[in-house]
Amino acid sequence: MEIRIENLSYIYGQGTAYEKKALDNISLTIHGGEFIGIIGHTGSGKSTLIQHLNGLNKATSGAIYVDGKNICEEGYSMRDLRFQVGLVFQYPEYQIFETTVLKDVCFGPKNQGLYSEDAEKQAREAMRMVGLDESYEQKSPFDLSGGQKRRVAIAGILAMKPKMLVLDEPTAGLDPKGRDEILGVLRDLHRKQEITVVLVSHSMDDVADYADRIIVLDKGKILYDDVPEKVFTHVKELEEVGLAAPQVTYIMKALRQEGWDVKDTVTTLPEARDQILKELGAGAAFAGRSQDGLTGGKADD
Amino acid sequence: MRKPDRKSIIEGHELRYEYLHYDDEGKVDSSYEALKGVDLDVKEGQFIAILGHNGSGKSTLARQLNALLIPTGGTLFVDGSDTRDESKVWLVRQAAGMVFQNPDNQIISSVVEEDVGFGPENMGVPTKEIWERVRKALTAVGMMEYRKSSPNRLSGGQKQRVAIAGVIAMRPKCIVLDEPTAMLDPGGRSEVVGTVRQLNREEGVTVILITHYMEEVIHADRVIVMDEGKVVMTGTPREIFSRVEDLKKIRLDVPQVTELAYMLKQSGVPLPDGILTIGELTEELGKLKGRK
Amino acid sequence: MLKDITLGQYYPGNSIIHRLDPRVKLMGTMVFIVSLFAFGSVSAYLLATLAIAVVVTTSKIPLKYILKGLKPVFVLMLITVLFNLFLTPGRTVWKFWKLSITAEGIRFAIHMAVRLTYLIIGSSILTFTTTPNSLTDGLETGLGFLNVFHVPVHEIAMMMSIALRFIPILMDETDKIMRAQEARGADFHSGGLIRRVKAMVPLLVPLFVSAFRRANDLALAMESRGYHGGAGRTKMKPLVYRRRDVAAYIAMAVYLILMILLKFFVKIPVNIL
């Protein structure tokens, strides 16, 4: 599945006192199988943008082509689109309403017109994908922990078998454990189920670790659209729009300033480790050294 | 270093709390012990951070400090008052103010300044003094220019600063913040943590910050790590972050710089434990490079 | 949709009407409404028109904006007027099938139309020029005497102000939940009545859950900030009468006196209607 957005603009509350241009001439293409991170400050338009992907927002101007067909044209079935592009809202656990987990996850497939049995089959599959075994099926979703509820909500979308999964800050408000679980689920879905993932986040660390392409939005415009290493070279510009690079990028920049021959485009920890080790002349060289020799080592500078 | 003989503002001994679940007939059908014997001693003017997962008992502990929950075991004194003593409950709440997680659900009024005045109004502070307190509190959190605004027009970080002002206006000795940044974006988070640090340094307010973001505890005087209703680690941030492995075991994060230092150490680079800032790491690495 | 309703919303401004004590404005609105129903004559309506024209002009709220507020209640007014027109017994002037219009019916209908229009204009001026908070304050202080009859005035006022704070939040939330369920294929806009009602379940359950959670959080927050009812509370913004408020009360008295004088001394023949 491919989504091509051309010159998309969106204006909130057109004709009222609160009129605001939320998206300004956006053009981009999402290819099947990508893992894209969209980052931007609160109010940069990222949530507005992703609600166009499944037709919840109607473009003020511009066009959106899904597999070549313009969804802005009359007669395009928005409902079918919603089943193909699964959109997980921020704090999705607030949309849970059924008495059992299984029933809630079935809501989407049933809306697709599936019979109970098929809907339940898809729901069960979706629950497995997010790591909820059958012991959860008959539990009340309201008794679960925050991280578990969120997985139920994501399963509710996955049960519709979307080709693309779009998530608005799926880790907001979770503790590190819950966050790792969710991001792990996304990575698995992308790798094993080959689902296209679009992840909206303001956590630079997460985006850098997981996405292979990053789109930076600011004031409704695309600021950057590139691989993480390239995007995070613009540390200064990112900071100007209220964002930051991952901490590891700053570390490498600091080392570079001290004359180290390391790349400052590093965005993940293992990369950083390897580069530093290389500069230090391989980790093995240190294996024999004791730590005592280090503490008084100021004179060496 | 601060004076060691400062007065204790919070003294908890063997604190326990049991949540009871009732069946339809009102009988207890299950119970869950959220706190399993926690000791806590906070001195005036300290900045204490409590780390832990959801369900580690940290929020239960926070609510006890404000007498919203009364310990089911152990004793807790807040500014000299026993929280079990019902006649002292308002003294306790005034001594230890509380800021909650959801910025929307703790602002009562539709105008910022009126919300900040809510606490003093409840305390029966005279009108003229309320205005004085509101002005000071809003200035302290840098929200004076928004005093006439509606909270609905503010960002998450700004709303939390208003909530903090609302607590400061009650002139507490201690502020307990229960995951105040969990629902904020990075900008909002640093806004709130910056405000809290400033209050601690400049106004001498004792701060107890409950969070699961590691970057926020680096500047604390003492960090308490909780897991499954117990205190599992306590010490300075440096001491805590030296124990990367233990933290990982209970699936807590460390700041990326600490993690990188740890990874390098694992690869045989002789770095000291508990590196907390980029400056420290580059300095230590610089020494190593220099001696090569 | 909901956002188009201007009735009951505050229109920011700094006119003398805006600055009046909310108790004065509440009283004024009451006096005005009572006068409409107690003195139903052409001359009384003319005086009421004059009064409202003066108030609208001083309030500096565009007339267009005020009239926009009438739109959503227009249907309601129409029904009332039609009922009066057709269902009042009396001298028949026109008959069609089973419906008949009487002279009394016409008179009642016109009275009703004028009264309702003025009632809505009058009360919307109150809400246009008074912030919800100060309105609540005005109610709390102005109706404080009801405490004697064990009416929990403070609690009612507190409830009102909390409701005012959370209505916009819950409206946003409704929109969000609707979108989230639409993303799961829910359909709120088609089908018959029963289907539509059923379609509301996925919206209403989360909305109630959320409202309860918010209520619970808010109760905790209020308790932790020392709230324990109205007893022993002081006020940050106590209501104090100023000279303009006294002047407004005098104006009201003059208005009432004029109304009474009109009733007894100026007789415009009713049958011109």
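As written, the chain order gives the labels A, B and C, with residue 1 at the start of each chain.
Basically, a contact is a pair of C-beta atoms (placed from the backbone, for glycine too) under 8 Å apart; a residue touches a chain by one contact, two chains touch by 3 or more.
Everything numeric here is computed off the predicted structure, so don't read it as measured data.
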Chains most often in contact, by C-beta pairs: A-B
Farthest chain relative to chain A (centres taken as mean CA coordinates): C
Whole-Å separation of chain centres (CA-atom averages), chain A against chain C: 46
Centre-of-Cα separation between chain B and chain A, whole angstrom: 29
Distance from chain C to chain B - Cα centre to Cα centre, in angstrom: 44
Complex contact set, residues of chain A against chain B: 41-42, 145-147, 172-178, 180, 202-205, 242-244, 246-248, 250-251, 254-255, 258, 260, 269-270, 272-273, 276-277, 279-281, 283-287, 289-291, 293-295, 297-298, 300-301
Chain C contact footprint on chain A (complex, rising order): 16, 51, 54, 56, 79, 82-83, 86-89, 92, 94-97, 107-108, 111-112, 142, 156-157, 160
Chain C residues within the chain B interface of the complex: 131-133, 161-162, 164-165, 168-169, 213-214, 217-218, 220-228, 232-238
Residues of chain B touching chain C in the complex: 63, 66, 68, 90, 93-94, 97-98, 100, 102, 104-111, 113-114, 117-127, 130-131, 134, 151-152, 166-167, 170
Chain B residues touching chain A - in the complex, by the definition given at the top: 53-55, 101, 155-156, 182-183, 185-188, 212, 251-253, 255-257, 259-260, 263-264, 267-272, 278-279, 281-282, 284-292
